[in-house]
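Reading through the structure tokens given below for one structure.
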Amino acid sequence: MSAPVIETRQFIAGYERDLPIVNGIDFTLAKGEFVAIFGPNGAGKSTFVKALAGVVPVFGGEAFLNGEPIGGLKPHAILKRGMAFVPQTENIFTTLSIHENLQLAAAPLVRSAQGPAIRRMLDMFPDLARQSGRLAGSLSGGQRQMLAVARALLLEPSVLVLDEPSAGLSPKLVSDVFSTLREISATGVTILLVEQNVRAALRIVERGVVLVDGRLRFDASAEALSSHPDLGALFLGADHASEGAA
Amino acid sequence: MSPEFLAYGAFFLTMALTYAIICLGLNVQWGQTGLFNVGIAAFVAIGAYASAILTTPDAAGRIGGFGLPIAVGWVGGAALSALLAFLVGWLTIRLRADYLAITTFGVSVSVQLVALNLVGLTGGPFGITFIPRPFGDLAGNALAFGLANLALVAAVVLVTYLILERLVRSPWGRVLRAIREDEIAAQALGKSPKWLRIQAFTLGGAIMGLAGAIQAHFIGFIAPENYLPMITFQVWAMLIVGGSGNNRGAILGAILVWALWALSGQLIEATFPAGSQARAASLRLVLIGVALCAILLVRPQGILREVRTLSRHALGRKQPEVSS
Amino acid sequence: MNPQVVIDGLIAGSMIGLGAIGLTLVYSILRFPNFAHGEMIAWGAYFAMSLSALIGAVIGGAGAPIAPFSFGWGLVLATIIAMGLTALLALAVDAVLFRIFRKRQSVMIIIVMASFGASMALRSLLEFIYTSRPGYFTRELQIAMPLGGGMRATPDQLFALGLTALLVVFVHLLLTRTPTGRAMRAVSENPSLSGLFGVDVDKVIRTVWILGAALACAAGVMSGLLVQIRPYMGFDLLLPLFAAAILGGIGSVPGAIVGGLIVGLGEALAVQFVGAQWRAGVAFAILVAILLVRPTGLFGRQA
């Protein structure tokens, strides 16, 4: 069997060295998997994926992408090795046009491959294609999320990592985004997703892991998690209550 | 020790203490509030010129000659400098921290320009002479004159120090520090960070103006060349060496840096022939610039750590999210 | 009004504008007002002066004027090399100073202070090496030619205007039409997202320093050619540069050049109507006015 797409061992990361937020995570993501990370606020979900992507300093442990160590690399180097990360907010350049956002994302490709890659994304997201000359800042919340995903997929990464893609979107848009993600997953792309929207996410992912206090607490199939009796207790307060709405 | 030596010592220390006052003013702006002033020279100059114009006797071809008492000059100098600081603060503090830096730099260029060219008010390049000196009737006895002035300036430093220490511990000082640490929390308490910062900047300006006035009266004459951007560098070096945020450090840093400055000046005079002294002097400026950078680089624990907590908010930097 | 004001203003303005482009790029991409930028102008001029003297000494005839200009091809060559040297200087200052603060994620104002210290050191170093005696590229005297409408300009002045226009168009196209420019605009909006898009942020920063320093050198050579070369020439331009960058809107290249021209014209008007000694106050007046009326500048986006 080939190496897992993502593998971390005793992974430690955060903003201050003496106050790590991610505190020793062992995690594996196999090729083709669709996995969600859940957990209460402050559990370290976002920090974990940001550290994987190179945006947050790594203080200890190891991280591998397709068997290659990536701990401490710069974001652009990690992207080059096959991990595309979509942050929760500010995930597109609002002062650049939609087309320019895609051109920027295509820049690491050889020149002849850039045009076709951009065209492939515009075909996939016709909504964006229709207004590709407009400034990305003029897009609606859902369209921005689509552009962010399109830009991330453009380089055909071996894994797509998203930080709360449903945050701030209306229920209708959340289900649009999720069904898009499911389609992408169906084409064989490995996806790792941080989500607060537990119930909706469990309907599309194959596996879920739960972080609490910077550590991995649960790791089970979506089915097992959905029917787990103590699960609710892990997603504290407001988060739990909001699930009904989603 | 000979009286001449003591008199020189008194002169040296008095000068150093006038810088200590400027430094205390800067500490209110930077150490307590995190405001970056690149135009210290201008605020010192305004204080000096205002006081000189108020107190000098009538002079041909120059407005002024009010002949008022020295104390009135000091207050007037501080007040005018405070007014300038208030205007600059009001203009820029509502905008961005970096605009304050650029604008104070512009103020220092402009004040220099006014001092040079508004001959009818400032005496132009020759400046103002015959500024009344405190204890002027003792001038015959260098030692007594020197010691009396030293005592006076030391008293001003002490009073300024005590007032500032009180202010730091007052509710006003606490709120100032609170907004330095966390602007949003302070706003939630109903405190307007903008006004508090403007107040602090104005107070610092007043202290610098007072120092300028005291200096002018102590030396007895002023000219535009006394207020070049160099002063700004020196005072920054003093505050950073002493440790920003700390009033005692500000005083100590002023004395230390002034001593180094005076000493290196004498060294240059003694070792270089007259022809190359200007060159050697510019090398001294290279060193002060390098020293300023070096202190900022190699002492992150003292100064930078303190400053760092100040400003993710205060300076519009985003606090890294720790959302989940 | 004497129409000559227009020519004088345009010439002063193009030097300010060229300097302001570098300043505004550093300001928007590295996110701090670089008080040492003026020093790049002065160092650029001195590099070119020394090199042109060297070239003239080695190759006879390099200094012979190319009619109708006052300078020879030696100065052209010297300027091109000097641009490279100035860029190296900027990269060196970044490596020993600014980069360290970036890595530490120091607050902006600490970096501003460091740039203030660096400006002092760099300027005084020039004074130490070359003394404060003014220098000149050429001793040739030029006759101003009539341009019509009561305006006159020397061939050198017209050359400077043309070169400025060329450089501005070049930088504008670079920024709006090329992948490098796109990456620069991206880093200017959001450096951390740029990395996630695959942009090598360090490389973009190096590009900004090189570009800014090369333009500063060009401004310095022009200023040296048309006026004189002094250690304080860059420092004296600093306030006009800031006024131009803020007036144009930080990050805007067309804004910087338009801002520069406005400041230059303002200075020329002040010289004619108020008196040459007040020239240096114009930039401050413009700065205060723009902060009062429209702090985002003419072409700036909302901060």
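To keep things simple, chains are lettered A, B and C as they appear, and every chain counts its residues starting from 1.
Everything that follows uses one rule, which is that a residue touches a chain if its C-beta (ideal position, glycine included) is under 8 Å from a C-beta of that chain, and two chains touch if they have at least 3 such contacts.
Keep in mind that this is a model prediction, so the values were computed, not measured.
Taking the mean of each chain's C-alpha atoms, the chain whose centre lies closest to the overall C-alpha mean is C. Centroid distances from subunit A, each centroid being the mean of CA atoms, peak for B. Averaging C-alpha coordinates per chain places the centre of subunit B 31 Å away from that of subunit C. Centre-to-centre separation of subunit A and subunit B, using mean CA positions: 53 Å.
Separation between the centroids of subunit A and subunit C, computed from CA atoms only, is 43 Å.
Multi-chain contact residues of subunit A (touching two or more other chains): none found.
By the touch criterion given at the top, residues 53-55, 74-76, 79-80, 84-87, 90-96, 100, 103-105, 107-108, 151, 155 of subunit A touch subunit C in their complex. Those residues of subunit C lying in contact with subunit A across their complex are 179, 182-183, 185-186, 189-190, 192-193, 195-202, 301. Contact residues on subunit B toward subunit C in their complex (touch as defined above): 34, 36, 38, 91-92, 95-99, 101-103, 105-107, 109-110, 113, 116-117, 233, 236, 278-279, 282-293, 296-297, 300, 304, 307-308, 310-312, 315, 317. Contacts from subunit C toward subunit B in the complex involve residues 32-33, 35, 97, 100-101, 104, 106-110, 112-114, 116-125, 127-128, 131-132, 238-239, 242-243, 246, 275, 277-278, 280-281, 283-284, 287-288, 291-292, 295, 303.
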